[in-house]
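The structures considered in this document are given below.
Here chain A shows up in two complexes: once beside chain B, once beside chain C.
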Partner chain A sequence: MAAYIIRRLLYTIPIVFGVLLLTFILFNMVGGDISAEIAGKSASKETIEEIRKERGYDKPLFFSWDSQFVNHFENALTFNLGRALDREPVIDKIKRGVMPSLALTVPMFFGIVIVSVGLSLIVAFVRGSIWDVLTVVICVAGMSIPFLSFILFGQYFLAYKWGLFPIFFSPDLATAQYVALPVLIGIVTGLGANLRFYRTVMLDEMRSDYVRTAFAKGLGPGRVLFKHVLKNAMIPIITRIVLAIPFLFLGSLLLERFFGIPGLGYLMIEAIGSRDYFVINAMTYISAILFVIFNVITDICYALVDPRISFE
Partner chain B sequence: MRIAIRSIVLLTTIFILLAVIGCDGSGSENDPDEMILRQALFNKIKSLDPVSMRDVYSATVSGQIFETLYQYHFLKRPYELIPLLAEEMPQISEDMLVYTIKIKKGVLFQDDKCFPLGKARELTSGDFVYGLKRVADIKNLSENWSVFDNKIVGLDEFREYTKTCKKAEDVDYSRPIAGLQMPDDYTLVIRLKRPWPQLIGTALADMVTSPVAKEAVDYYGEDIISHPVGTGPYMLKKWHRGSYIELVRNPNFRGELYPSEGEPGDAEAGYLDDAGKIMPFADKVVWTIIEEYQPAWLLFLQGKLDTSVIPKDNFDEAITGIGELTPELKQRNIHLKIFSDPSTFWLGFNMQDAVLGENKPLRLAISRAIDRKRFIDLFFNGRHPIADGFIPPLMASYNPKIKEKGYSRYDPNDARKLVEEAEEIYGGKLPKLRIAMPGTDTFARQFGQFLTRNLNDVGIDVEIDYMDWPTYQEKLNTSSAQMFASGIVASIPDAEDFMGIFYSKNKAPGSNKFNYYNAEFDKLYEEIATMFDSPERRELYQKMELVVLEDCPAAFLNHRIAYVLHHDWVKNYKPHVFQYGLSKYRRIDTAKRAEYKGR
Partner chain C sequence: MSEQQIISKTLPLPKGRSLWQDGLRRLGRRRFAMACFVVIVLYFLLAGFIYLAELFDWQVAPIRWSQEVGSQYESPSGENLFGTDIFGQSVLRKTLYGTKTSMTVAMFASFISIAIGVPLGAIAGYFRGFIDEVIVWLYSTLSSIPYILLILAFAVVLRDKTFFGYKLAGITTVYLAIGLTSWVGICRLIRGEVIKHKNREYILAAKSYGCSAKRIIFKHLLPNVFHLIIIDFSLRFVGFIHAEVILSFLGLGETTRPSWGAMINDARIELARGVWWQMATATFAIFFISLALNIFGDALRDSLDPKLRTQ
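Moving on, here comes the complex of A and B:
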């Protein structure tokens, strides 16, 4: 297994290099010189020139030991992510935003997975019944309502009118307090698509011979569902779950914005809006690394849950 | 597998328990008797270093931490400059080139670890000189340099010198500057290259010249943007960047007396109740950064914010058809303040554009095709006045008869005739025109649709280019936008800001994004630039406005009227549009706040 993991980790090197090359080309060649943006609205030409010098934009793009690409590559490898347009170190922004983002997305993610996998097992078991139809209808309806509507409704009624939750972030509040409502909204809105997906997976399994055999042997529904069906349905579930984990780091733009959660989702969107390439570049780079790592973890999990899959 | 599932269930249970235990909907409250000002900011703070400050939001916070030599009187109108860190108004030489400013003695910076033993020192004239040198130092990349460019003797040379330094640390701040002298610790002498009557308002009452302790700059280096060390009434306690800022009283603040004089009606309005009392009143000033209107509005109604603007979608909930507060808000003892904002918004024309620049009938046709009243009704709930010219009504130089000239009239029939005339000049059917629209949000798109329909109605084909702010700026700076939606808010109670944007030497990438040129206007601009405020100067402003309106480099759309709400526990809430350091005047009636029922 160790050899397999090492081999897979070695594969990540060209992928990360490719990401670095791509982001460099996109930001420096397609996006163009951003010195004027850094300098601001009323900056003089000389200020812009000074920024070009300071940030190294006056150096060749490639084909030199001191080229912009070599610097870009070196900075990425050493995690020297530079300073954002507002001159704050990018790493400080990310460090500050990562915990609030994860406090929002991790419980939301687990909430969605647990509720949707659990419910999908139940509705697959009672397939064709009124409960199954009702669940599908509610899921489709939930998916059709814009995410923003859930936020506005939740904030107005649950937080303002009924006072069950705080309306907005405040440093006086415990993390669990200010993320509770957005997590709840996130779970409710995320259920539709996930429940439908897992229901399909479970239905495929429920039609298998081993399920009939298990019931024929006299096993109860709980044991059949949770012991046998769930285990056999794990491959698509793991794929969906593990590959979603790196994106938890990116937070949730709308929830963060409406509830004032100082996370990375809004940081990223704001950086795109203001063309803060330093932040975008850092976030892309970190996301790429996480994505590659979790891909490896997915493959390892496959082998752990399914003995037919070998590390060879 | 089983372990994994159990771990997930355990983690989720812990989280839900935490959420439920902690969820009382209000959070831990501060001491109810503590006087806390709670406000919202609709954008993030970029920097708390005066040298790089250019946006309103950063200045709003910094204005409580830093002080300027002069400030605008809190109550008197028209706005009047008075000393703040200065002992008195400056002595100005006869040739208007030398300003001698006496500085108050005994003013201390806030205590900070950048000082020896953490104990602050006294403010001296050297701190102002240091501040101006920082603006000039190219290594600081100050956006504010344009304010001082070619104005103070020797400062441009200092800037040239900083360009020769390899690193920021190499710049020698002890180099003397002929135009910035310190005869003693409490006297500052500024020598100008040519008369600059706006020096006090534009520069010495502006945050950019606020003194920053050199020790702080040396100690914090580039991180000075988040470690403000000033002389003002408050100092930074917490800054959760992007979400929350908390200031507390600066114990070293010398105290300032609340004004005892105002304008007629101030006493009746209660603005003089605190006359002669020592400021600041509030113990803490807190801003929550809320970029969406709904949560800000709900927090205001809940009593967790002291003040609020009225979001467009909540206007009917707040204001009746006759422009008064609705009974529901009156019942909550909420007060409404309506005041003019020194702003003008327009659809600008690039005068260097081959189609528009040489075709005045076309520009006039566009201007007459826009139904400004409908625009204001649709987008601003009918609140704002039409801009008949570009000098806002708040300015002393506003021409009350400008409406009679009819430059902003809506006349689609006339516009159609002008289009025919324009086509003759162009030599055929006009090509499709393009408008650069900053933003891709709903407002921008609806505004774009409105303009398209108005112009299509008179036979002008138009396409809107929606773009993000940096792209928009780039288009304007490179003169590649044919038409553009834009506006300006004045920084001083003088129309000079509005004149500068039409001066030909300020063409793009400068502030004249119209690339407008008129020799007569330029001549008048150079004349007023060295004149102090006077009836003659105001007359020249009005003359300049007419020159521009006649050439039509823009279709002026509207000025802005601000509607602000505040709870009745907020005292001394007199609107002021030219100053940022206003928190010191505000007082909170904590008993009234405690009585408020928010839902």
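Moving on, here comes the complex of A and C:
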């Protein structure tokens, strides 16, 4: 077991290397020296030179112990994420944004999972009926409406017109107040794709022999659905949940933008607006690391749960 | 008369049907999916028509979108079917023009990701070994970065860059960013299929004739997995259209010409003034093409993928 975990962790080294290589190519080679841009239009040569020095753009790209390439890797591996354009350390910005983002994404995510798993069980039970067809039609229609339209119309009608929720984030509101509407919109938007996915999972299970046996021995639909089917459908559900967790830290770009929630999504939008390569670079790197870690955790969970997976 | 000739005379052999003929026949029987197909074709024709109109400078309505047709924020009426925007431009014309923007992005993004993903997947699956490990490493790396973040990083960096004397601006950045990041799914799919097909008899037969690897991959393997590419992309196309909307909305896309994303971005301010028509028109334009592609893609998968046919 320990050997398996160690080997699995060793596999992550080339991936992390690859991510760093990619961000280096993107931000240092293709993006290149942006010190003139940082300094602004009317900046003097000296100012630009100073910024170039501060950001390390004066160093050679490769082939030196003090090259940009070596520094890029060294900084990333020691989690020295540097400073954003406004000179605040990137790590501080990220730390500040994590909590508001999680306050938004965690309830949203569990809302989606609970509602769509519950509904999918019911739909799988009444499969082939008009309700089943209707649910699928609504899901596909919901998937076809752009996310932006959901947010804009939701904000306009529910908050602005009918005044059911606060329109924007403000520091004196309780967390539950300002995340309520974004969470609701997020759940409604995410339902289409998720419900369809879980419906397929449940339908596969409903065709199995053990379901027929359970019904044959006289169990009621509630017991069969929640005791037998749900238990067997847990593996695909858990995979989906665990692999979605790293994305929760990212927050929701668009929801945070519209509701002014100062999370990581908002940070990212700001960084895009000001072309802050340093923040985008750090966000890319951190989210990739999280993804890789949770991938390892999923694999280990599999190995623990499923005796057919060998540690060899 | 030989025995065989007698048989063929008395018993006319039923004509064989290929996978494609079979699948298309099955697809043709689904009326609703065919209606969706018509919708998709209409969108493509419209985009193509606007292309030609711009190329030959035909003075048709959609390419004269910048013309003022009324006063500011006119609500929908018989004259201006979907109202006007802040500059008094027709929302209908902008939406029609936006079709070209969106379809162009989605088309080019598809081409780029197929051109990268399919050959890489086929090579990885066919040769295995070291080259396979390199390609798998490449796509595992890309897929460990959240998709939206990856697209945004590409779009931000590529924007306004000059490559070989060609300046990337507007939608070129958008489809490059989407295309260069979206080949992972198709690559993985093709690799898996090629590994499955590699040891089938027809490939062994081709090998025994002394076919080159290039010939086997492109003449034997790819035609046999081609339907998967079509199915995959009929569904992925929707994602590309929505990605274009989000990028344009974030100001990373087309800025000088109308696009659906930019229209929705305008609506952010307009809605508070009760101007809903620009938003609604753009939403419906996106909704219809997405719905048609979603339903048609599902029908296509059901008809062309024999393994799913049991249900």
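The rule we apply is simple: the second predicted complex is superposed on the first by the 301 of 312 C-alpha atoms of A that agree within 3 Å, B and C clash if a C-alpha of one lies under 4 Å from a C-alpha of the other, contacts with A are read in each partner's own complex, and residues count from 1 in each chain.
Heads up, the rule we're going with is that a contact is a pair of C-beta atoms (placed from the backbone, for glycine too) under 8 Å apart; a residue touches a chain by one contact, two chains touch by 3 or more.
The model shown is predicted, which means the values in this text are computed figures rather than measured ones.
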Checklist entry - With both structures lined up on chain A, is it a clash or a fit for chain B and chain C? => result clash
Checklist entry - Once the shared chain is lined up, is A:L26 touching chain B (first), chain C (second), both, or neither of them? => result second
Next on the checklist: By the touch definition at the top of the document, which applies to A:K217: first (chain B), second (chain C), both, or neither?
Outcome noted: neither
Item to check | First (chain B), second (chain C), both or neither touched by A:Y160 | outcome: both
Next on the checklist: A:D86 in the overlay: touching chain B, chain C, both, or neither? Say first, second, both or neither.
Outcome noted: first
Item to check | Larger contact residue set on chain A - chain B or chain C | outcome: B
Item to check | First, second, both or neither for A:R308, with chain B first and chain C second | outcome: neither
Checklist entry - Touching A:A180, do we find chain B (first), chain C (second), both, or neither? => result first
Checklist entry - Which partner does A:G273 contact after superposing on A: first (chain B), second (chain C), both, neither? => result both
Next on the checklist: Quick check for you: in the superposed arrangement, does A:F247 touch first (chain B), second (chain C), both or neither?
Outcome noted: second
Item to check | Location of chain B clashes with chain C - one stretch out of 42-50, 96-104, 258-266 or 438-446 | outcome: 438-446
Checklist entry - Can you pull the chain A residues that chain B and chain C both touch? => result 152, 156, 160, 258, 273, 275
Checklist outcome for this item: In their shared complex, chain C is touched by residues of chain A numbered 14-15, 18-19, 21-23, 26-27, 30-31, 140-141, 143-149, 152-153, 156, 160, 246-247, 250, 253-254, 258, 268-269, 272-273, 275, 277, 280-281, 283-284, 287-288, 291-292, 295
Next on the checklist: Taking the touch rule as given, give the residues of chain B at its contact with chain A in the complex, in rising order.
Outcome noted: 1, 8-9, 11-12, 15-16, 18-30, 44, 46-47, 52, 54, 138-139, 141-146, 149, 163, 222, 225-226, 238, 240-244, 246, 288-292, 294-295, 298-299, 301-302, 304, 468-470, 473-474, 477, 509-511, 599
Next on the checklist: Quick check: in the complex, which residue numbers of chain A touch chain B?
Outcome noted: 34, 36-47, 50-51, 54, 83, 86-88, 93, 96-97, 107, 110-111, 113-114, 152, 155-156, 159-161, 163-177, 179-180, 183, 231, 234, 257-262, 266-267, 270, 273-275, 304-305
Next on the checklist: Can you tell me which positions in chain C touch chain A when the two form their complex?
Outcome noted: 137-138, 140-142, 144-146, 148-150, 152-154, 156-158, 161, 238, 242, 245-246, 249-252, 261, 264, 267-268, 271-272, 276, 279, 282-283, 286-288, 290-291, 294-295, 298
